[in-house]
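Next up, some structures in structure tokens.
What follows is a pair of complexes built around chain A, which joins chain B in one and chain C in the other.
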Partner chain A sequence: MTHVVVVGAGPAGLAAAAAAAEAGARVTLLDGAEHLGGQFWRHARADDDAPRAPRLQHAWSRYRALRDAVRRECEVVLGASVWAIDVSGERAVLHALVGEADGRAREPRSWRPDAVVLATGAHDRTLPFPGWDLPGVVTAGAAQAYAKAEGIALGRRVVVAGAGPFLLPAAVSAATAGSRVVGVYEANPLRTLASGWLPRAWRLAGAWRKGIEAAGYLADLARHRIPYRVGTAVVAAHGRERVEAVTIAALDATWRPVAGSERVVETDAVCVSHGFLPRLELPVAAGCALSAERFVVVDEDQRTSVPGFWAAGEITGIAGADAAIAEGRVAGASAAGAVPDPRALRMRARHGRFAERMHAAHGIRGGWTAWLTDETVVCRCEEVSYGRLVATLRHAPDAGLRSLKLATRAGLGICQARVCGRTVEELIVAERAPGDATSDARPLAIPVRLAELALGEDATPSQRKEHDV
Partner chain B sequence: MSEREERVELTVDGETIAGRAGQSIAGVLLAAGRTHWRSTAAGGRPRGLFCGIGVCFDCIVTVNGVRDVRACQRRAHDGDVVLVQGPQDEGRAGEEP
Partner chain C sequence: MASVIVVGAGIVGAAVARALAHEGHAVTVVERGASAGGTSASGEGNILVSDKALGPELDLALRSTELWRALEAELRAELPRDAPSIEFEPKGGVVVATTDDGARSLLAFAARQRTAGVVARELGPDEAHAAEPHLTDAVVAAVHYPGDAQVQPAIATEALLASARLAGARVLARAEVLAAAPGDGRIAGVVTSRGTLRADHVVVAAGPWSAAVAERLGSSLAVLPRRGVVLVTTRMPRTVRHKVYDADYVGAVESGAAGLQFSGVVESTASGTVLIGSSREQRGFDARLPTEVLRGLARRALALFPCLADAAVMRAYGGFRPYAPDHLPVIGEDARVPGLWFATGHEGAGIGLSLGPAELVADLLAGRPPSLDPAAFSPARAGLRTAERAA
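Right, the complex of A and B next:
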């Protein structure tokens, strides 16, 4: 019997595990979190049958069906953070630590399956701006997650800003959790949004459901009296111990702030995201090829470039939960050696187009660096400022990403450049010609404590590095 | 939320803070009105929740003697002893032997 291990229990991983089990495979589903559902389906307790805030939970019945299927058909291991994949042998070995998040003595476990489906999802990307490291400034995903799972309103007067359709549900969730949302500030101007979403009407059918969803959120914004302003951005946050106000400015089409357009708005919570970045640690560790846009490359059956490895969901492109489910179903069936359900293939094709449109409408434009000041923190962990980075770059014009990191420590902190990596790369490009290195290769997929590594049997020596020495 | 929901009590720097079972440590702190609980090594800057999903490490605290636990990822358990981390903790030998 084929043994399939699925890493990640979000929409993509749940669908993959269920499809693989349905196709007759023995399935192990792993997730580092203590609950099933990933970033999309959240609930305060593992056994909750109803979401804490029902209006915030989409397709809850779909979740219940997937959850029940995987609980019935699969071995589910939660609190299982996969920290390494060893592909040196004939069959890949997955190493995980199982237990409480960042606990001291988690149990090391390994699997040597016939097939692996990677479905590790994405995290928010937030561009730096002066004051973005003040408490009270969080990612839109964090605000969404805390509103959904714990019913927490992060502030009384909330500002939502950045780029992308995800700002809409984040604003609605904040309002539902009890915050007054002062406004949603989308960086792209109406013209760019329209040129992404409106043309080629005959192809709109594909994004139809997403269109309805967005329209629904816009209606919710209107109901909560939340203004949606395009071509604007939070260009600075102010406060001492926490955020107290932000400066909002109009942007031109390249995202350069328009001089004289600034105004200061009082707020006690700012939710900012400029898109999502795939969690690539495991695919990179396995050697999976990445696209020019740095997503995992997959074929028709969601196979990666590495035999025995499939990928699904946001690590293959940002297209929302429906696309993730469709991709998961295809990946799971294929990994189990079955032919994917044609309905899943059709659903995937429909939602894939949403991704293209979203990028055209909401992608990051280069002019944003104009809102940085010399003092703006770029690397939050090591507290490296923009001025320091630029000075180092000018001092050593030929230095690549690696030497820049070593000279300034940008990207060498505890988050392993997950937050600032892409930004530092782009700042190098903005300063001069494109470099070749990226920040995607990390020694470890998750932080591991030395003592825990000592417990693990066949950890690779080169991976014996940890965050708290 | 119902009154009968199970409560948990944490000690945060000696102060008792109550939360609901199932909440993360960050959730308990936020619900109690605390937006920051760490200060950075170099600048002594206040930090709290940022990414909310275990990616950024801004929210780390010491829990029951174990350092660098992401408050947004760790479930709060009754009796947990939480200490905030500051510049003085930096470079200090961790709890590992």
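Right, the complex of A and C next:
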């Protein structure tokens, strides 16, 4: 019986696990969180916790169906952080630590499966701006999680800013939780948004659910009297102990602030999101090829370039939960040795186009570095300022990313460049030629205690008995 | 004065470029990627005498260490005041033996080194704990080497390049050497992906990629990559005062075995992290990281410092070190292709050993009697040629 290990229990991973089990494989589903659902279905804490605010919760019934199928058919290991994938031997070995991240008694477990589906998802990307490190400035993802899980308002007067469709639900969440949302500021101008979304719009027709979703959010914005401004950005946050105000400026099409357009808005909470970055640690450790846009390259069956490894969801392109579910179903079936369901293939084709559309409409443009000042902190872990980076580049005019990071310590702190890596890469590109290196390789996907590394138990066969399907 | 192309903008290439530019040669550094982007950016920054056995490599290390001690002041005088510090830290090393056998060979090794002028102070268990309070209780004997030091290798490379530029050197990054420029048996320059450059001499300082460059330039070189991996912990209160090695370090450095080897090397950095090395393994340019390597490193470090059990390792990085079959650097002119020079093969000691070879190349190129006997490092030496013929 084929043993499939799925890493990540968000939409893609849940769908992959369910599809692999349906195809007759023995399936182990791993996730570092204590609950199924990933970031997207983060509310799914208690088993039958119905969503608090219906609009906040997407496709709740779909989640419940997937969750139930996975619980019935798969071995689910929650709190399992996969810290390394070892592909040096004949068969890949996944090493995980199971238990609370800050507890001392994490249990080491390893798997040597026939097939691996990576569905590790994405995290928020936030561009730095002066004051972004003030308390009260949070990522939209964190704000959303807070609102979803706790239902607690982030502040009295909330500003939502950045780029991408995710700003809309973030604003609605904040409003539903009781905050007054002063405005939603999307950096791309209408022209860019239109040129991304409108051409051959009929091609998106199959993904009508998305349109309804977006329309619903826009209607919510209107109902809460939340202005949606395009071609504008928060270019600075001000305050002593915490954020008290922000400067909003108009941007040109390259995201360069337009001089004289600045105005100051009072606020006590700012949610920012400039898009999402795929979590690439495990695919990179496995040796999976990445595209020029730095997503995992997959074929028709979601196979990566490495035999035995499949990938699904946001690590193959930021396309949202519907695409992730479709990709997961294809990947899971294929990893189990079955032919993917044609309905899943059709669904993937419909939703997959969103990835390129979204990038065309909401992608980051290079002019943003103009809103940085010398004092703006770029790497928060090591407190490295923009001025320091630029000065170091001036002293080392042929240096690339590695040299710059070692000289300034940018990206060498506890987050290991997850927050600032792309930013530092882009600053080098802005100063000179295309980059020579990336921050994607992190052989240790999470921090691991020295004693845990020393233990290094060999792969143990899964304890679970073969079951009837 | 001659025109010289240096291939490689790592620490050795930067040191050679600086030495030659300061003599008035017209120097161009050609680098395939960015400066300090390969081996020089993936090690600990060791400047060691402690691990060198009596012989030509120890002589080179002693000379290089002298040059390092002078370099910081020289750079401070040459470079702009706000240039980053190379973080030269003469903190010394402590080599620790935890078995009676290990202690015997460590003390005998140190006694031989002393005949060459190495300062190597024997420490009993109590003295060892005074020097390193968190050291394992299992220590039987230790040797303190005040001459061992530490530098930030990437900053040092950039600083050497900056100094070379001030002396007129040019750096051409993102230019890959493809072939030798057409000539009549003598090297006439290089064809790069960014055009052809002509010069009287070409110095290959391309680290583990030197063999490939030598081949493109019509010669050959028996230098291969050997991978080393280092672990980095999150910041913590300073726990380790010196560079601390287990006594097996010396054995692993000198061994020619292809299999995975470990030697514990633990030290705190100025930023508060702890660096844990080091593994050595011949696996070509394979960058995949077996967990066996991580486990071995962790076990060695815990054997030296049991108190690090809860230290969180946040990063593992590996690099390819250039090694020659007889474990000596290759420094000098290639008799088969006049005008072609090598400065490579320093294995895991390239940061510490970079300055000596640069001086040696400058001396030989100028026809001066060198401060060290170059014969042991010659590209024509028997230990190298035999391996090349076998290949």
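Here, the second predicted complex is superposed on the first by the 444 of 469 C-alpha atoms of A that agree within 3 Å, B and C clash if a C-alpha of one lies under 4 Å from a C-alpha of the other, contacts with A are read in each partner's own complex, and residues count from 1 in each chain.
Note that a contact is a pair of C-beta atoms (placed from the backbone, for glycine too) under 8 Å apart; a residue touches a chain by one contact, two chains touch by 3 or more.
From a predicted model like this one, the values you see are computed outputs, not experimental measurements.
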Quick check for you: in the superposed arrangement, does A:Ala143 touch first (chain B), second (chain C), both or neither?
first
First (chain B), second (chain C), both or neither touched by A:Ile414
both
Contact-wise, after the overlay, does A:Arg104 reach chain B, chain C, both or neither (first, second, both, neither)?
both
Using the touch definition from the top, say if A:Gly400 reaches chain B (first), chain C (second), both or neither.
second
Quick one: is A:Glu383 in contact with chain B, with chain C, with both, or with neither? Answer first, second, both or neither.
first
Name the contact category of A:Asp133: first (chain B only), second (chain C only), both, or neither.
first
After superposition on the shared chain, which partner residues are touched by A:Gly32: those of chain B (first), chain C (second), both, or neither?
first
In the overlaid three-chain picture, which partner chain does A:Val87 touch, first (chain B) or second (chain C), both, or neither?
second
Is A:Ile152 touching anything from chain B or chain C once the two structures are fitted on A? First, second, both or neither.
first
Intersection of chain A interface sets (partners chain B, chain C)
104, 382, 414, 447, 449-451
Where on chain B is chain A touching in the complex?
1, 20-24, 26-27, 30-31, 35-36, 40-43, 45-58, 60, 63, 66-70, 72-75, 94-97
In the complex formed with chain C, which residues of chain A make contact?
84, 86-89, 93, 95, 104, 285, 287, 382, 391-392, 395-403, 406-409, 412, 414, 416, 433, 436-437, 441-444, 447-451, 453-456
Tell me, which parts of chain C touch chain A in their complex?
9, 31, 33-37, 41-42, 79-80, 82-84, 152-155, 157-158, 161-162, 171, 173-174, 231-234, 271, 276, 286-292, 294-295, 297-299, 301-302, 308-318
Given the complex with chain B, which residues does chain A contribute to the contact?
32-34, 39, 44-45, 52, 100-104, 123-124, 133-139, 141-143, 145-146, 149-152, 154, 241-242, 279, 380-383, 413-415, 418-419, 447, 449-451, 467-469
